[in-house]
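The two complexes that follow have subunit A in common; it is paired with subunit B in the first and with subunit C in the second.
Right, the complex of A and B next:
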């Protein structure tokens, strides 16, 4: 356990040092964060334009919660960066084994994701005239953390694709969260999609967690919410398992044929 | 070599480079998902009058992504690939080369309009009929031209700026809102209207929607505004490009990656 915590700590230090090369706290706040707030606002305005305040609130809540997913899936870019710089073998020979190091490579995005989603949760609803019911809205914060964790696993699993097909990391990232934005119940309920899509959407992160968030805001029963949270956790665990298998195989094959260090 | 010939060769160069880079198809991946998201919201809200907004917006986003994302990468990628020094050493100015390469990428971005239309027709059974096809074609053409101008300016600004990644990551959604590409500018707070008017997307979005509905009043003004804003951006972009090329030559930083 101490080893894992140390890897988490070192990963966060590395991740934030990497972020520091691109962002200062000012450019992050007034550039990146502002962009995320505008993204949620953009869709919320459409909700208001085509519907009423309730539609706007529905769309806004979905688009704020999905920010946590958006940021945590950026782990795809961080891991693909290791491939590009040829440092995957160096990470693979870590005494703890490759898996915790690889999985920790984008942890900084979970911290920024939580920050962005929390700021949006506090600021946007009152600013756009659709305030959330407090203190119930506060109970949704731990659910957003769960969504963040399950989305991070989803991002790690898809990073396996970006590590194999080089030069496609931005396509994979945009596809990853684009699918959730479209079919994950963010803007319209999952129920509006045809049967097969509805079934496939159940395997996506965010879907059940977001339903739980909406349930909390709407005053649903604790039992119903807990079952949704359990499903979200299960979905997240499934994606972590896929990520672990994918990375194990990547390293095993890379060791055997010497391709792990290829920068592509 | 004439400027147009330079631009044509730049188009061919970009075509050759884009064919090797799958990420240049990003726009075409995003557009269908965005159309689906926007149309789903519009259709479930039973607002057939807003279908045109949902179909046209991903096309405009495609153009803006082309301008912002690819244009900003041209010079830095050329530097990394070692193409920048020989490019500077040629007797043609860099500005038209950048503009030509941007034009190629913008054409790919414009394909998002067709994709979006197809998603609406095949996925939702909503065939968007264009009431005034001639005006629509004109609107698309001048919007592409204005995008090339804006992209040339953005390319220069992003090269000069130390915060290239920050600007590239940040300048999307604020401009989608200001440009009224999905929700008309009139719905936005009044204090934003003057800002919207200097974003060519706001004129383009209104003109495109007007041409689809067949009620585009005062369209010559819109055409003039789009072309004027695009030309101003192009002039500023060419000036800034010339300036940073001269500075790089003077300070001996052309070969810096």
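Right, the complex of A and C next:
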């Protein structure tokens, strides 16, 4: 277990070092974070335009919480980078096994995801005139962390696909995020969708956690909230299992067909 | 003493959609003794990297067996991984945004070294490969030679007994390549075994106790580097087409021609004695309006078949 934690720590250091190639703290804050805040604001105002203040609050909460998912699924890009750097075969034959490092390679995005969602949670509702009910809004923060964790598993699972298909990481990332934005109850309730889609949406991260957040803000019973949190955790665990299988298969197939060393 | 590496009937094919599979290794049987520096020579696509990948467990063989210090690379993967180090050539395989020291600590964690050991070994290896002064600089600022030394340090981090070097001095300037080779010789003196995949005959001559020449996945010959080097020096020939066999009979009488063979139909191959001989043969053919004449390269297999008898190399 200790060596797994060491791998996670080293992966985080690597992740932030790589992030430094793209952002400085200024460009992250005034570029990326501002973009996310504008995105949530845009949807919230759209909600106000087509509905009322309640609709606006619904859309705003959804779009703030989903930021945690958006950022944590960027692990798809980080993992695909292993092909470009030529480290994929070296990771595959590392004595520690490849899973800890694969699962740890995008953890920096969970840190930035939590930061983005937290800033948005604190700043946007009062700014847009739909303040959240405190202290209940504070109780929702741990739920956002849970959503972040389950979304990261979702991202890792899809990263396994992106690594196998090669060169499709941006497509996979946008598809993954688009699915959540569309069917995850962010802008419209999951119940709006036809039966099969509604059922399929239950397997997505964010769906149950976001419902729990809305439940907390609306004063729902603790039992109901806990049940939703349990489901979100279960869905997240499922995605981690898929991620582990997907990456095991990536390595097994790569050793068999000789694609591990491909640059992508 | 147990062989460091032993392969028997090793075969690897790559399947291709709607096309015949490519045979990268074909019935390769070879043995590398412990504490040996063994060169694996061959042109691009000969199968060198495929062999290195199989021995380091990155790739599965299609048939045959491969053992490292007695451990099967397929059945006993975990044991093999702890015994071998893979050193890649070129720019890939390192994290550019990390410092040299952080790269080694990262790989130390993956090799399950505890924090103290990883730090100690990283510092010692950086000193050894001459990178201690740049240990805290990002790898993206490193020259090719510095990267290569860091590759070697990474490969040594878990103290493997067998190291596979895949074209480690490719693209290095002569000074950097020389320094790298001295380092390999030092490490051999400590009891390590090296398999060095390269297409650089000079490098093989400078470093290796024995070399194996492979082409199209097949082993052509194995022996000491000096003898194999003489083979490669003789690789000169001229290809041309001409309908009149009388011309080739006259050609065969020239002092620069060692052999003339019919390729197909009106195609001929003339084996010459070195580059000057090739030049004279080309001039001779052009004087007779044979405008299809061009310098060619016999396959390594042809070189072997023509010379094995009188040079006594072992396949």
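We take it that the second predicted complex is superposed on the first by the 264 of 264 C-alpha atoms of A that agree within 3 Å, B and C clash if a C-alpha of one lies under 4 Å from a C-alpha of the other, contacts with A are read in each partner's own complex, and residues count from 1 in each chain.
Simple rule for what comes next: contacts are C-beta pairs under 8 Å (C-beta built on N, C-alpha and C of every residue); 3 or more make two chains touch, one makes a residue touch a chain.
Keep in mind the model is a prediction, meaning the values are calculated, not measured.
Enquirer: Applying the document's definition of touch, where does A:129 land relative to subunit B and subunit C: first, second, both, or neither?
Expert: Neither partner.
Enquirer: Using the superposition on chain A described above, determine whether A:142 touches subunit B (first), subunit C (second), both, or neither.
Expert: neither
Enquirer: Is A:18 touching the first partner subunit B, the second partner subunit C, both, or neither of them?
Expert: second
Enquirer: Classify the contacts of A:168 with the two partner chains as first (subunit B alone), second (subunit C alone), both, or neither.
Expert: A:168 sits against subunit B, while subunit C stays out of touch.
Enquirer: Go through the superposed model and pick first if A:59 touches only subunit B, second if only subunit C, both, or neither.
Expert: In the superposed model, A:59 contacts subunit B only, not subunit C.
Enquirer: Under the stated touch criterion, which partner chain does A:49 make contact with: subunit B (first), subunit C (second), both, or neither?
Expert: In the superposed model, A:49 contacts subunit B only, not subunit C.
Enquirer: Check the residue A:230 against both partner chains and state whether it touches subunit B (first), subunit C (second), both, or neither.
Expert: After superposition on chain A, A:230 lies in contact with neither partner.
Enquirer: Of all the subunit A residues, which ones make contact with subunit B and with subunit C?
Expert: Shared contact residues on subunit A: none.
Enquirer: Which residues of subunit A touch subunit B in the complex?
Expert: Answer in residue numbers: 22-23, 27-28, 31-32, 34-35, 38-39, 41-43, 45-51, 55, 59, 167-168, 170-171, 174-175, 178-179, 181-182, 186-188, 192.
Enquirer: Spell out the part of subunit A that touches subunit C in their complex, as residue ranges.
Expert: Residue positions touching the partner: 2-3, 6-7, 9-11, 13-14, 17-18, 20-21, 85-87, 89-96, 101, 255-258, 260-261, 263.
Enquirer: Quick one: which bits of subunit C touch subunit A in the complex? Just the residue numbers, please.
Expert: The touching residues are 12, 14-15, 50, 53, 56-60, 78, 81-82, 86, 88, 90-98, 102, 105-107, 109-112, 114-115, 158.
Enquirer: Please output the residues of subunit B touching subunit A within their complex, sorted ascending.
Expert: 21-23, 25-26, 29-30, 33-34, 36-38, 40-42, 44-45, 47, 50, 163, 165-167, 169-174, 176-177, 182-183, 187-188
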